[in-house]
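Just so it is clear, A, B, C and D label the chains in written order, and each chain counts residues from 1 on its own.
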């Protein structure tokens, strides 16, 4: 069996962690029991490009219990839990291609390795696997029955492809399920983003000014939790209706140009590009903490920040400090360990 | 029996309302049952200067059940519930001197009438009765055993008297009871202030900017409720520790000079004088709604507002509109019906 | 001009109140200015069956400014503000047929009087006017161009008619507008329901157990506000997804059979019939306060309660007490003054 | 220089982390600047028994800047941050005796080593150092000028000593400072407890039932945060007034005997012993997560749990699973990394 993971010796601790995750997944456990006897996926070859976490591992072993052949790669270079990957390889004999912190080249090489399994079904989170399948590996499309896509961002990419009549097989938009965007995006991303920021920064949220860019499902989940931790929440939002909702929910709503000068914490969850950019960095207070929880690592114009910086250094795991030339330091978080597969979960700058 | 009330014919509706209030006063009802058999206050003459509400009425009838002779006057010219007063006179034979909306002269005449009963015990809310007893009626002090005082403001006045060694009999500071300031000031005043503002103005709080002057027990109760109704709360506070608490509780804290330009609603609960004054009125938006929930009608410099106004008119019950000369209208609430005896409950301007 | 209102002498106070309401309706004021010059509705005859409030009055005068002939009747016998009705008649020459507290016979007579205006456009809130137009006055349908319907309940009735191909002209479902159900149902009904319950009962919400039947837009708005006032919120909900949302929002979710024994307050906002019924009343604590904020007066089985009662009496305006035969009193609120046209605003029992 | 730490090579990363912490300690930084020029502590020997964290490190270097000789040991075997300890030794030449996870014997040996410095001033968090000084090292008391004590639990121990006239030198109760118990206990412990539980368990709080034993400053801080994360909070409290406050704050209040069967999470912050014990464990659901955030490791009767268990195993770092003999597993968290010196921060079971 071909695979590429960090350390097979983490398989035992990975198995314990997967079992722990499964305690919160009673429905999946029931499905696995049924799958084990009915084998509905017998002979089906599945390639999955997902956050390689303990929860995903539970899903993979369930698919395998249903008779499928499964290959897994990461949908995010930073979210991989190496122990979960090791357990899938060692305990479930599922090929995994994912190493936490892998560089961009490895990331894409792993997706290609996953596609080498000649899948009939694809499972995607962000549409990177489907994109490559439609371009570099278009010959393999013929064998595909269909696929799934987890996240808002991926669904937007696929809808765009479909409109141009270039999407070559049907894909289920998992994100459209009410139980997905109502719950995962709101409650899951809300907690995991707060958790990631606190783990990375060790800062007290109570009494801080917390700027949230975007008031979609993820943004409102994050706003609930930031307020729940005692922060004063400020929302930026370009959609009028959502901005109005944020106001009615009791938050201050400002353009980023004004919010930049106020925030102690900033987090982007918009799906858009360069939501925080040069002019905003210049307006920020010393020590402002900037983070992204959107799917792609594009919401913060890190290049523009880097170009202004006289110095950059890693001051804590996942926290990079940028000192601006005129002598004002500005803090840039560049990532944090993702705890669960979340469509809004962050990808951050990785040098 | 001598008394002065609005309309004795309201006694029946008053009795129903008092019974309704008593449903929320199970402890008092138990005390009344015990008092009725033990008569611990037999022969004691009590003069009470309290908010003449249904809850106070339940207290008065309990004291009478315990054997006391009770006389009641109002501690606030606007908080009297005329039906409760009528029921006390007609159904309990308790002399009451209180008419909702009475002018200042009548207010003081009623206190004097109450003192004519030659009390041995005084019950006060704001220390007006005790003040008059120590000045205009100092001869009557000799017969007094002791008294009680309900509210923060009154306790401050009495402590000042005591420091100067001019307080002539012992008074229990009811406000110091944990069950008083933790509960009445915080939860009671919080709800009743919101309720009063909404009844008077009929405005939606969600999405508004609500400025609260003062972060004492009353102020924090009001802040909880205003935020709970969806308002964005801004606090002004001169005490550093309390200001810090307001920040840590997630509120924006600003000096009134800055808050004035932001607020849709303003409410003072400080116990201080002229917290909102000329320069603040001039900074406010058109249509800003200004109210007081502190004990005395001094927190808002209404005279300064009036001096700037080209026009004043009552636009709704308890809402007076001031149009400033330069053409910008500013709205001034001048009072609302108090629902319960609350030490922070409002006294407002009465022409 | 033909009309039927309570008292034309309330026109002046009504005008003041309408002006006050207009201060919160800046968009409508802009439309009125444009309508006054463009007259886009010139010669159009409109029959409106809406909550006859100050806000509706502002809308009516705007339509008239646009050139329309307007006739107005009530969509709810209890929500009419008589002063607003008087002002429309006296100051705007708009025929109004609505008296607060009118009985059922008068209510329907007023709808018929409104239809006598031979409208080309109908505006409805609950679909009563459209229903009568399709039955008793079907001859008048021919002249209709189209209509609008405000509320969830009305839209459901009309969709049902349309499915059976019996709806004879197009109707715009105003409730489907995001600015309607996101805002009016959630924030408007949330505040106005709390406000109505507090005005009617004068009870403290903090520390109480508040049972909300239904977690639609209105229910969740009410839950936010009840929790914001310090109540412990318990939700009952038959839709699994909504029930799950209520759990994730931090509320306790129970079947009514269990919630009945816990609640201090109950409020129904389901759109369904007999959500609280005999077995629930029997399980309730003494003094439980039961109210409806759904559109129709059917969510509480008042008949079943009445059949068990040895005594009923009005103990406060809009509060009716039922004493059960076995000696346990149970309190039933039967209605309250509605402050604004709200699709979930209550219709209650009127003897 | 004598010292006992984990790994001196962590000094560089420790310095970075201490600098990071200092960014949130602007007042301390000002004091250090003043101390560096004024040297007010010149020649004073200080022994500190505190949580050995980055924040404490910043304090230690400030005292040294003021001229003091400082020696540091841990007040909790689990809260030590080894990198901070290394930096103090390598960069500040301050002797430190603390290793994260040290056993009980080492813990006390370190305290004795700290006392070997012959201090004139003691700084304590929990009163362990002072206790040993009064017993095993009573000869050293003579040289002591005074001391400080951080936490509620320690202050209670010292007050008890003082009442018996056995406390041999004056100690400042830091916990009595308003900025301490209002802020650290409420906001600090609130966030750090939630953070510790989420890091250890990786579970979603939204929608869970979270039982908090104790509604003191720490308990109410934790309740705010648990509710803010979307949990349904249940409080147990033996003090009537505090229990009433919890009710009025909107929480369900139950005896532990009833709460035990409901909770998904349990956290003790009472300062008392065996708040959760045999009968409660037997009533709990499978998978219940039990933790302590009180100062001492005595609030949960771990021995009683262990005696009932057929199996115990570490399933994640800081999480120990107990399987009860009758086949029902119960989960016991036994500790987590403390992020900051907090008087309520946890000590947990360590086998």
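Everything that follows uses one rule, which is that a contact is a pair of C-beta atoms (placed from the backbone, for glycine too) under 8 Å apart; a residue touches a chain by one contact, two chains touch by 3 or more.
Everything numeric here is computed off the predicted structure, so don't read it as measured data.
The chain with its CA mean position farthest from that of chain D is C.
More contacting C-beta pairs link the chains of B-C than the other of the two pairs A-B and B-C.
One simple way to say how far apart two chains are is to compare their mean CA positions; for chain A and chain C this gives 44 Å. Chain A and chain B have Cα centroids lying 55 Å from one another.
Mean C-alpha position of chain B lies 34 Å from that of chain C.
Listed for chain A are residues 187, 206-207, 227, 230, 244, 248, each touching two or more other chains.
Residue ranges on chain B touching chain C, taken from their complex, read 16-17, 19-21, 23-24, 187-188, 190-191, 194-195, 198-199, 202-207, 224-225, 227-230, 287, 315-316, 319, 339-340. Taken in their complex, chain D has these residues touching chain C: 206-207, 227, 230-232, 244, 247-252. Put simply, chain A touches chain C in their complex at residues 178-179, 182-183, 186-187, 241, 244-245, 248.
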